[in-house]
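Two complexes are shown next, each including subunit A; its partner changes from subunit B in the first to subunit C in the second.
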Partner chain A sequence: MIIPYTTERRADTGMTNVTLGMWLFIASEVMLFGALFSAYALLRVSATDWPPGRDLLNLTIGAVNTVVLAGVTASAWRARRSPGPQAGRWLAIGVLLALAFLGLKGWEYSSELGAGLRPATSTFLAMYFTLTGLHALHVVAGIIANVWAIAGISRVTDAMTAGRTRSLALYWVFVDIVWLIIFGLMYLL
Partner chain B sequence: MTSTRGIARIGLTLGMAAFADVALLACPICFQIEDAHVTSGIRAAVGVLMGVTIVVVAPVVAFAIRISRRQRNPGA
Partner chain C sequence: MRIFSTDHKVIGLQYAFTSLAFLLLGFLLILTLRLHLAWPAQPIPVLGALLGESRTSGGVLLPEFYLQLGAMHGTVMVFLAVVPLAVGAFGNYLIPLMIGAPDMAFPRLNATSYWLYLLAGLVMLASFFLPGGSAQSGWTSYPPLADFATAGQTAWLVGMFVLVLSSMLNSINLIVTVLQLRAPGMTLMRMPFFVWAMLVTSFLLLLAFPPLQAASVLQLMDRLAGTSFFLPSGLVTSGQPANVSGGGSPILWQHLFWFLGHPEVYVLILPAFGIVAEVIANITRKPLWGYRAMVGAALFMGTMSFIVWAHHMFLTGMGPALSGFFQITTMIISIPSVVIIASLVLSLSGGSIRFTTPGLFALGFLPMFGLGGLTGLPLGLAATDIPLHDTYYVIGHFHYIVAPGTMFALFAGIYYWFPKVTGRKLNDALGKLHFWGSFIGMNGIFLPMFIQGLAGMNRRLYDGGRTYQTFSGFDGSLHGQAWSAVFLGVVQLFFIVNLFWSLKKGARVSDNPWNSTTLEWATTSPPPAHNFDPALTVYRGAYEYSEPGAPRDFTAQHQP
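After this line comes the complex of A and B, so read on.
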């Protein structure tokens, strides 16, 4: 069965169902992270003492990860504008960069846990591990989606691949924006 | 009945004062303490949540208006 408007734009919405679905998904994700940012605001403003993130966390790794994740977004955006096999190469570069992001994050986690900085240590660290952990899960989901899109390039039409890469580009921009907010709140402020 | 309840309340208060080993704090929201940290925190949290909700809902409303306009003028 062929699902209508997978590759063609609907006249009423002005976009394909794939793109519309991705926008709705992102809206729900914004509410999820919004609730956590609201919790952050409550805990931070209520706290009598809140440590500066740069004193506890590794600012260098955080900054490098910001650049790496920007690279993932850029590669997803290039894939969006490239034909089938070339899009696959850009998505593969995105997967490698996203794995590098997770590797650096894992290394940062292990050094923090080794120094006795655990979620139960303070409210700041509980918030840090919750926000960055949930974000890392989104990076993992993005990697799986990229691999799925790469694997499908030889099996589906170019129009379908274009729809998938367009959605992935939107998703990675969202993941990148969330990281920028987390980086600002936890590492810089 | 009322006096029994009053005696029970006084007894409970005295018992808590005698046996509780931690400080008992009144909820600043319930008791309308305006300058408490928690009051400011909840205000900030509600503000953030309202902002996020508006950021999500506004495009949904704009999109709904766009669809209704397109239905009226399919070529637009």
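After this line comes the complex of A and C, so read on.
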């Protein structure tokens, strides 16, 4: 059975099912992180003291990771604009960069835990580990989705692949924006 | 019928049977609790022995198990029974049929959402067998209590996390299906009101549930990683200073929980409005009165439901400015409910009403929801909410909305669409017994709660308030409530027997036994794999009953 408007746009909404679904998913995710950022604001406003993030966290790794994640997003957008096999190459580059992001993040975590900075130490660190941890899970999910899209290139039609890369580009932009907010809140402010 | 099917009808039925099983479980939990409340010192017959020594002492419920019953009754009923039945079962089964689509937009995602729901339910069920039992900090899981509760609370949080994932996938699917897969000619304002109600409901599920997911992640961190998101500085537990970093806020949980919790109320009630609207248009043989106003009211209600949540929190010591804001928004949000109910009541006038079984349930819904809604107004104003807060008045109020309210609508829906699903009708005599029995039983349970609550009786009292002399006069009503609950349980047997008997032996009926106008009746019963062959085109609105000049008293949407 073929579900209508999986790859072709519906005239009155101007979208495919996949694109609309991805926007709705992002709306839901905005509420998830929005709730967490609100929690951050409420806890920080009522805190008696709040350490500047750069004193506790490794600003250099954070800044490098910001660039690396921007690279993932850029490659996802290149994939979106490229036909079949080339899209796969760009998605693969995205996977490697995302793995690098996770590697750096893991290294940063281990040095923090080694220095006795644990989630239970303070509300600042609790927020830091929760936000970055949940964000890292989104990076993991993105890697899985990229690999799945790469594996699908030879099996599904080009139109299907185009729909997938369009959605992935949207997803990575969202993951990137969330990171930028986390970077600002935890490392800079 | 394959178990791992991606057909929306199979998934809808999987949702239906799973959620009905949870509905029965939720009812049995509270039946046990009500028996205990009526006779707190006496062993519960049979059940007391079955529950075992970790939950009872000589057949009398232990306080810990009493708290588990209350917490899990709420959780099971709201999250595992009513919402999945309304949205998962009715939404999945009917939405593609009503808009003339071959299936949902994302069939595999649809199956995933069902299996995640089942997984969440099994996690919740399994928590009863953990050391210390299931969650017991109320269905709202307020910290700091919940942060220090036994392992069952962790299972509750994990279950809730998975459940939110499931409902997110389901709601994305429903929204995309409604917006993208409508048959040619099915404009938005030609959609049945049920579809509109489910569309708004899906947006609420999509946007209001993630904050609960965030909150459950934070509470999991508190419990597993030792953080203090919800634990203030200087906290003392069991006479000892808590060994935590502090700096958290218990109120934060309440904000996050009720940001979900209030839209959740509309998730519970909007599908019910939708079902009742379909049934009432059908039994009155008239177009719905004020269809456009109802659609507008549903959209307005959905939007407003995001800015009323703190009326659950007047006792947290919020300032008058904040409480003023939430009191005003709460009074405003009662308007769209009144618009919808008034439209439904006005739809009755001048109709030649068919008192079918679904019709009785739909008609019963109107006054019951009205009672629930009107008793809610004093709870939306801080001055009256403060003395009524946490009393049985509140319990009575929201049960009138959800039990004889939403549940009656869902029963109406089951009786109404059963012929579409099976090609057979549910037995009418048993159905009518089920309706009148449920009507009497439910009122017998919930009506006394208003009086008890106005007298100040608190909820969650282990001995039903016997410790307090003020409440000593309530023995009679507590016994009456327990007998009503038993009676309600017995009456549900008519429904259960009817359901299974009619599946095999019910009277065979035509494809459109109710002479209805909407598209789901244009296909065979049960519908074939991709619903419509050939695909349909829609030419008219959803409620063209008794059109002057038409050959019959209904003109189906797909008739040119």
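What we mean here is this: the second predicted complex is superposed on the first by the 189 of 189 C-alpha atoms of A that agree within 3 Å, B and C clash if a C-alpha of one lies under 4 Å from a C-alpha of the other, contacts with A are read in each partner's own complex, and residues count from 1 in each chain.
Note that a residue touches a chain if its C-beta (ideal position, glycine included) is under 8 Å from a C-beta of that chain, and two chains touch if they have at least 3 such contacts.
Because the structure is predicted, anything quoted here is derived from the model rather than measured.
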| item | value |
| --- | --- |
| First, second, both or neither for A:Ser46, with subunit B first and subunit C second | both |
| First, second, both or neither for A:Tyr5, with subunit B first and subunit C second | second |
| Subunit B versus subunit C as contact partner of A:Leu188, first or second or both or neither | neither |
| First (subunit B), second (subunit C), both or neither touched by A:Phe25 | second |
| Subunit B versus subunit C as contact partner of A:Ala126, first or second or both or neither | second |
| First, second, both or neither for A:Gly14, with subunit B first and subunit C second | first |
| Partner chain(s) touched by A:Ala35 [first = subunit B, second = subunit C, both, neither] | both |
| Touched partner set for A:Val67, first subunit B, second subunit C, both or neither | neither |
| Per-residue touch tally on subunit A - higher for subunit B or for subunit C | C |
| Set of subunit A residues, in rising order, touched by both subunit B and subunit C | 13, 27, 31, 34-35, 38-39, 42-43, 46-48 |
| Contact footprint of subunit A on subunit B as seen in their complex | 37-38, 40-49, 52-53, 55-56, 59-60, 63, 66-67, 70-71, 74 |
| Complex interface listing, subunit A residues touching subunit B | 11-14, 27, 30-31, 34-35, 37-48 |
| Residues of subunit C touching subunit A in the complex | 101-103, 105-107, 168, 171-173, 175-176, 179-181, 206-211, 213-215, 217-218, 221, 225-229, 233, 244-249, 252, 255-256, 259, 529-530 |
| Subunit A - residues contacting subunit C, complex | 1, 3-6, 10, 13, 15-17, 20-21, 24-25, 27-29, 31-36, 38-39, 42-43, 46-48, 118-123, 126, 129-130, 134 |
